[in-house]
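Sharing a structure here in structure tokens format.
Note that the chains take the letters A, B and C in the order they are written out, and that residue 1 is the start of every chain.
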Amino acid sequence: MISNKDNNIILYGKKVTKTFGALRAVWNVDFKVKKNEIFGIIGPNGAGKTTLLSMINGTLHVTSGEIYYKDRNITNMQTHKIAELGISRTFQVVKPFPGMTLLENVSIGALFGKDKITNVREAQDKTRHILSRLNLIKKENVPVENLNVSERKRLELARALAMDPEMMLLDEVMAGSSTSDLEMIMGLIEELNNEGKTILLIEHVMKAIMSISHRIMVLHHGEKIAEDKPENISKNEKVISAYLGSRYAKMSWGNA
Amino acid sequence: MLLQAIVNGILFGAVYGTIGIGFSLVWGVMNIINLAHGSFIMIGAYLSYTFYISYGIDPFLSIPIVMFILFIIGYSIQRFLLNLVVRGSIFITLTFTFGLQILIANVCLLLWKADFRSINLPYSSVSLSLGGAVIPLVRFGIFIVAVILTLLFYVFMKRTKVGLAISATAQNYEGAKVVGVNVRNIYSITMGVSAALAGVSGALIIPIMSINPFIGGSLVGKAFVISVLGGLASTFGALAGGLVLALVETIGTIIIPSSFQNLLGFVVLVLVLVFMPQGLLGKRTYNE
Amino acid sequence: MNRKLITLIILLALFIIFPFILTGFWVRFITNIFLFAILASALNIISGFTGYAAFGNMVFFGVGAYTVAVLMNKLSFSFLSSFIFAGLISILLALLLGILLLRLKGHYFALGTLGAAEAIKYIIDNLTDLTGGGQGITIPSLHGSPVFINSFFYFFMFILLIIIVLFTWWLSRSRLGYALKAIRANEEAAGVMGINTTVYKIIAWTLSGLFTGLTGAVYAYWFSYIDPPTVFDVMWVVRMFVIILLGGAGTVLGPVIGAFILESLSELVWSKFLNLHLGILGTLIIITVLIIPNGIMSLTNTGKGLKGVLESIKKSRDNAL
């Protein structure tokens, strides 16, 4: 049972379920995220990770179940209201606003995120700090259509950051990144965590997510099969079975 | 009186159905609202008219020729013009097809002048009687042809290679490309089929309605209502939508004063859009 | 930047002098251009900036015109107070229609607004006692010499145009403008970033309706006679769309430039060929979409002249299959 009185928990979900007709995308998932932790979500493709994230930030409605942020019921709340609460999110398939420059794209986050800055100039100044952090400052006036893949990924991160969030939902920000980008992003995530932010991240780059997460939740076919510290996850039989098949799991468990 | 209205509605509803099928096909596959669809119907009607007046060919018999000509027209317009703008915003596609519409209307105006045209078939006064309702032979023939066409279209989409390719492209454009579908060609064929259906619809309405070069607009309006009613991915949904609209119109004639009848279509439209966006039978569009 | 400003000032000065040096025909001709420039700029707010193609926007034009007509004809209101009422009624109508229709997206919104416009047209057509129905209604005309009358409407429209252009210029740089542009670019992502899309869409739609309605109000006073088929004609909106297409959606001066081009061509070229009018307009639309789908203002980015046009054609390949 999840305790409401545990004020270390910033986000929790009770039996969160999403079905599309007969398809069970996410099924009865309970989860607890502690304040200021880095919470990783892993699982084979199609496990329901992105669907779960989308329900947390309001992009998708839950079929059943509840989600609470700081003891407030945010189930099925409108996306912009969730943004105003201090939750920001990146998309796996990057969705920049076409027809605008990099700076304009990111400053939308500053203008309409948690702080709701009303002065455009002020928002853009604040945005420039963020662009510097992500090595994008030189490209601030480039139309987003002309950015390369690495820059777009960083743009997505910058936009989410410009909203001055307390909690960030990162969906595969490291996918397809070069080694140097990877190191930069990992370093940034740790910095942001040190600054007090809670971070949920979905990743397939195992080494990365295992090394920086405080705890990891594993989804498979929409269900939670494990939630534990990284070192225990890698030895969990169910997890190994999900990724590599049950025979391999029995083999390695037998030898562990 | 009510019975007659219902009978009239069903008889004419089948034609509305074919109009809806053609229109929603393009909408569902390419996400284009083809404002020129009405003018395709109009061309079909005028061609049928000319064949009858100049060569004495009965409209029912000229249907294959009309279909063929309209297929070529639709295919060419898609291949050489519409394919160049099809992935633009709705702003672009809507305005473009509107430009096409008025261009075609102008051509028809030059060729056939602005007067209303109609034809009176020699057997137009023959009718059957069924339990108090009168069923004119012409309208019955129109109904049968429209229903046959609907069935043929259904078979085409589900059983032929081309039809399946069209469905696949509609559901997953990228996926279709990956498995080797020539999307450019499929889009052109789709528009060709749509235009052919429109042409037939025109040929079917000329025996019972008078036409002029400017009826395209109101026809598209009806096509839209029918498509929304029936949903986009369903042949029989379009037929159902056509029947519903026709019944609403014919029964409405009895119940509501004539001045409000045109309003009826729009009220139905707005109500459906707001409360029942997935239509009667179909699924919503693949991408809005 | 300075050169642009100087050109603008010179143009402004010219426009102020025109009514005093040109003949009545030309003064009315330019007034007509102003009228379309305002209508297109108004549509630009909801369609160009926000991306919602309001195919039924002429509903505000008609309602604005009829508000003035009914108030001045039946209740002997002055033009000024009728004008203000037209604005208020337009705002009310926009809020009503907005709540009903702005939840729709894309094509559904476009044709839903058209449906609503047709519905309102028929309502007005049938309120015969109030509006004169299909017979139309006359508006008491302005008294004075022809020169005075021409100049009055010229400057009225001119001022209205300046106001909306200045507003659009402010919009393009403001926080509201950013919200609208984000909604147009990707409405879902806009919501995720904290933009309350419903509120902003209603604001844009109401502003658009307000300016359109006010223009209809002036139109009624100018022409002194209106009837439902004329003021609710869908061709008003079609012209607005073509103008925005020609000039550039979401730009400040695009609708103005587009209005000049379309109305000039229409009056000076096609009026000679009445039975080709539709065909020429249709062909113009087709060519514009193929060559400069982002409007003439986009040529300022790609470069004017032949090279600019070629660049634009290359860019328009993005719309192709």
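Going forward, contacts are C-beta pairs under 8 Å (C-beta built on N, C-alpha and C of every residue); 3 or more make two chains touch, one makes a residue touch a chain.
Quantities reported herein were computed from a predicted structural model and do not represent experimental measurements.
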Task: Where chain A and chain B overlap in contact partners, by chain label - done: C
Task: Most distant chain from chain B by Cα centroid - done: A
Task: Closest chain to global C-alpha mean, per-chain Cα centroids - done: C
Open item on the list: Looking only at C-beta pair counts, which chain-chain interface has the most contacts?
Closed with: B-C
Open item on the list: Report the inter-centroid distance (CA atoms only) between chain A and chain B in whole Å.
Closed with: 48
Task: chain B and chain C, separation of their C-alpha mean positions in angstrom - done: 32
Task: Centre distance in Å when chain A and chain C are each reduced to the mean of their C-alpha atoms - done: 44
- [ ] Would you please write down the residue numbers of chain A that are in contact with two or more other chains?
- [x] none
Task: In the complex, chain C residues that touch chain B - done: 47, 51, 53, 55, 100-101, 103-108, 110-112, 114-116, 118-119, 122-123, 125-126, 234, 238, 241-242, 245, 249, 275-279, 281-286, 289-290, 293, 316, 318-321
TODO: State the interface residues of chain B toward chain C in the complex, per the touch definition above.
DONE: 27, 33, 81, 83-92, 94-96, 98-107, 109-110, 183-184, 187, 217, 221, 224, 228, 259-260, 262-263, 266-267, 269-270, 273-274, 277, 288
Open item on the list: Under the definition above, what is the set of chain A residues touching chain C in their complex?
Closed with: 57-59, 78-81, 83-84, 88-89, 91, 95, 97-100, 104, 107-109, 111-114, 116, 118-120, 123, 159, 163
Task: Interface residues, chain C side, partner chain A - complex - done: 173-175, 178-179, 181-182, 185-186, 188-197, 250
